[in-house]
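Dropping the structures in below, format is structure tokens.
Common to both upcoming complexes is subunit A, partnered first by subunit B, then by subunit C.
Up next is the complex of A and B:
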């Protein structure tokens, strides 16, 4: 087995491979921004005098966005091992850092708990008894079972991400190839487990915001929205580190091109599933399905729906096609930020129109689903549906997003500074560094 | 044997399924020379006689294909009443068979194209006959909607053309989308298959010993000379068609799913149908290869080119796709329960415990449970386990189509219109006949067309990549 120090000399100096003090500095900066932004979000949310309803919806949207980044990073790491990939070895440690955020995410989920009754109508037994279809779901939609499911998801996500990262770090120390083989061996069941967990988190935290609505594809559609995130964040993280003098000659245009290709592919996959859902619901025109889109077809929401379609599909479809858009760093950075924005907008549109259903009048309207007609909603209720788009509500959402993303980055830098920025004794690393696209 | 510079050799029975992180895997066993690749594949076509077992297989298949055409004649002259189709089940076996074969038809091109885009070098051992299964399955699939229209001589009404009656196809109907999609797909998959064969057809032309053979392969190889310019254009064309074919396959398999999903019938109207049909297509394609590869390599002596590692990879992907198919089944059951709707729930209870319970259980066990045996390496390496698993998966996919088409519509919203579907001997005969047609074409393909892509295998031999680390097991 090669000596680790010899490989390090070949790869570059210690300054180029470790974050060292810069990690602590960035951790502090992001943690500060995160705490201040969340405090401000709470303040602005409280000033709306809606019993923090908007704050909870804004917070949940931002939390789902952060969850998507961490979960997609974990899916990326496991996929790297499962498919015995070599090109991605140079960015594997960065993805492991992003995937190591499930413990802080669990802690950051705690503020959602007091708002559960605002967010999820099914928390009310009276509401669930208001129609036969809802009553039939009580076995699944009840607080106890929900808590049990969340505990299982958290255990799977935390356990698998800790194993993936710790085995990788241990290989840096002892250089045993067997660790990599073990990771590859375990990756198959881990891959399926995490795939299921992401789907079910989508069903539990997003689809049940509207308990009367069903779509068979919604969990998979949520998975598609989630899976894209890591390919937007990883290039930006790599570029930031390279700007700070790290990994300079290690992550090359070839790696950026592959990450860009995957970003493009996931954006198109999202479109495929989204179109399948929309077209089939539009065609069949069943009230218990169309209610999801009708509420997003009202007032300003229709603009967001159209902008999302253009920004997440049409514009990247042509804009990202040229090879240079994936190889030239500023161009790729633009597309990463672009798709991160539209990825957030997608979650925003999945979650925030449901603010209206968090009121007693909204729940009553939604329970009588077969008579549901959003165009006939009382003006006050229709106005409520647009509330997330009011400036103060948007500011709350923005502050929640900045706050949670900053805390996620702070913890990522904390993890990254604990070891090398590369799996320095990964036998595939030389092949990865020398990787070229055909 | 003395080998030329850079040529390497491992025994023909070398176990290349082992994991070696540093060295690239051995993808050809025995003497790994360009000449041997050409000889191994070309001799199948150039031999005056096929292997002995080929003849009974061919005559059995051709007999079944003959039965299919005889039954088609019987159906055309008698009417669609020869089938078990009756209200409310107007679709019956013809559409089950169509969807089953079109699923397999989607798989070959998709497998080949996706593996090309993902730079999977091991694809070279299996891509040619994967693409061939596509073309032959399309032929089988295309027959059934054609005869199902009842008066096949009017099938051209599906095409939009100006006529004095002012008739125009109703493009709100997914059946029209289907006809256009499958037609487009057939064109592209034939092109993809044929394009991939051109250099190999030129090899056969250059090796031809008779004028007839030289002329036939000369015409088919379209003047291929193997110049650098030819290769540059060719590689680019293949990559572009692979990219287009991947998108097209997803689009077409999704379109087939809309035949059902745009309706309001519980069990048909499921928004997850487009990905289910796409995943099911890939799954059935890999299952087909898993089932066919063992006899093909045994009969034609291709173990050096279709190695254990190729089949191990095919088995792993079959398992992976089976897991996704199984995920979708479970999501279907979960969502039906979660809907709280009595009718949605009834459909799935009827699937599992109604008159066609056997089909639903076969679907779940064959597609979801049995493939799980492929988690074990010993099972993947044992032909009498892996090949039957492929067969079970194919049977499971046929049952899935039976469940969707028959179980759902025979018990729709109105109990007074419920009617039990009973297939006739003509239904069974046509199903068997379609397999006969498929295998007839496949056996002819194996005998007269290069069954493995020779030039692609050569491109992945170590001597084509002298700058890479040596392969595992390779002589140092």
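Up next is the complex of A and C:
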């Protein structure tokens, strides 16, 4: 134990390694913002007089965004153990904090349940019986099996994230290397499990918004969009903590550079899968598949599609390329915020074009689209496509986003202030602190 | 060549037959310290030889960033543009053909070809440039003549200053290296 305590002294004073009172303060501030913003979102959503349809879509978009942050953080922590990487030990505890949000996320999912009938057309058995193809999907797309799947996902996410975090915190206490080895041993099956859970959440919560549409790449595409988030949030969190005097000489430009590289790589991976899906659907040109893109070609959505392509791919491709963009804190912060914005816009474009399908006219057209001419769809529904882009609807989306992200941060700070900001007895920590890129 | 130490002829053949001077240091830190001093002394053509990468050595040696990324970026871009141009010439210009009802010049289909062409030309250029920039293949190096240099892949830390350096002088340079704490300093024949 002597070695370990000497290490703590070397790392800096207690003020630099623990959040202490600042954690409680930030927790209160974010919880306050979150509750007020969510209440305001509900108010604005109710004032639209659309049976809260827009509110549910906005809420689901924001929830998916928060889920992406937590799930990617969990994937990052497991990956750290699986690959026995050492550079990321200094940010591991922060990622564990972000990954520990699945219990609040489960609670925050409850408000979606009353809106399920509006969000997901497959909740209606009448709709599912309206065409043979849909009828064949009833075995998967039914409320009971959906609830069972959600319970399994929640169990996997909560169980694995609790294990990852608690074993790490216990190692802080007793310094047993065995705990780290156990984490590494279990990381393999955890990695696969979480990979599939993220894919399936994408399929269940996002892809089934259009029950007529199936794309085998869409869950992987959702996974690519999700996986990027932690690399945009972690540097910002680390910078905020350093501005508050924490971890000052511990997280260096070398660690920021690696996080920036991962951010860049995931943004490009997103493009790769997005293009793969688009190209295959474009080439096969099957009505039930092209429908997804026809909707995103309607009215204003085509502009968002193009802006997303530029902002998530072309501009970062060249803008983030210079080394300094990942090493200099303000530059990296800019790109983190940039890609968080476009990451949100990506989820926005996956989810909100479906608002039209929740309307009575949309339901009718969707049933028809499967049997008749899909190319009649965009023009007849162009007016409905605008709905999520009206100022009040956008405000609802913004308030939902602010609300849920604030609550996520509040809980993250609650977890972070419970222990040290570093895995202080991780045997790899000295190597991680001394880490240098060549 | 025994008279090199006293020779003082014209710059080109000043140290004819001499590769430079090789100094051995007892550890990474003394090598890093010596490298910092060699750089401030104004030497240009010199290098450090170590059994493993040493943190901070690149910085004190002031090694500039490689131009390799630029070369690879250029090659990758020309690979992608070349593939697109070929696809355009074949499918859209010289012999237009309809494939499954797609336009002659359908970018999504051609991107799938342009991307591997981009990767391939980038990777091949990168691989070749390593040989070109490192002046490989090379079958012999004067330092290999030195028996103590064999330990460079095990536990030896070396610094060699080449005779072509404008600041080089067999006596003074060796003296400087000795004053920087070198364990041994020897002249190396070319």
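The criterion applied here is as follows: the second predicted complex is superposed on the first by the 422 of 438 C-alpha atoms of A that agree within 3 Å, B and C clash if a C-alpha of one lies under 4 Å from a C-alpha of the other, contacts with A are read in each partner's own complex, and residues count from 1 in each chain.
The definition used in the following text is that a residue touches a chain if its C-beta (ideal position, glycine included) is under 8 Å from a C-beta of that chain, and two chains touch if they have at least 3 such contacts.
Everything numeric here is computed off the predicted structure, so don't read it as measured data.
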Partners on subunit A (subunit B, subunit C) - clash or fit: clash
Touching partner for A:124 - first (subunit B), second (subunit C), both, neither: neither
Partner chain(s) touched by A:436 [first = subunit B, second = subunit C, both, neither]: second
Which superposed partner A:192 touches (first subunit B, second subunit C, both, neither): first
Contacts of A:13 with subunit B and subunit C, given as first, second, both or neither: neither
Contacts of A:24 with subunit B and subunit C, given as first, second, both or neither: neither
Subunit B versus subunit C as contact partner of A:283, first or second or both or neither: both
If touched residues of subunit A are counted for subunit B and for subunit C, the larger one: B
Contacts of A:219 with subunit B and subunit C, given as first, second, both or neither: first
Partner chain in contact with A:134 - subunit B first, subunit C second, else both or neither: first
Steric overlap of subunit B with subunit C in the superposed model, located at which of 134-142, 296-304 or 458-466: 458-466
Footprint overlap on subunit A, comparing subunit B with subunit C: 279, 283, 438
Subunit B residues within the subunit A interface of the complex: 19, 21-22, 119, 250, 254, 258, 261-264, 269-275, 323, 327, 331-332, 335, 337-342, 344-345, 375
Residue ranges of subunit A in contact with subunit B within the complex: 84, 132-137, 140, 177, 180-181, 184, 188, 192, 195-196, 199, 203, 214-220, 272-273, 276-277, 279-281, 283-284, 286, 288, 427-428, 438
Residues of subunit A that touch subunit C when the two form their complex: 275, 278-279, 282-283, 285, 323, 434, 436, 438
In the complex, subunit C residues that touch subunit A: 53, 55-56, 58, 65, 100-102, 106, 108-109, 111-112
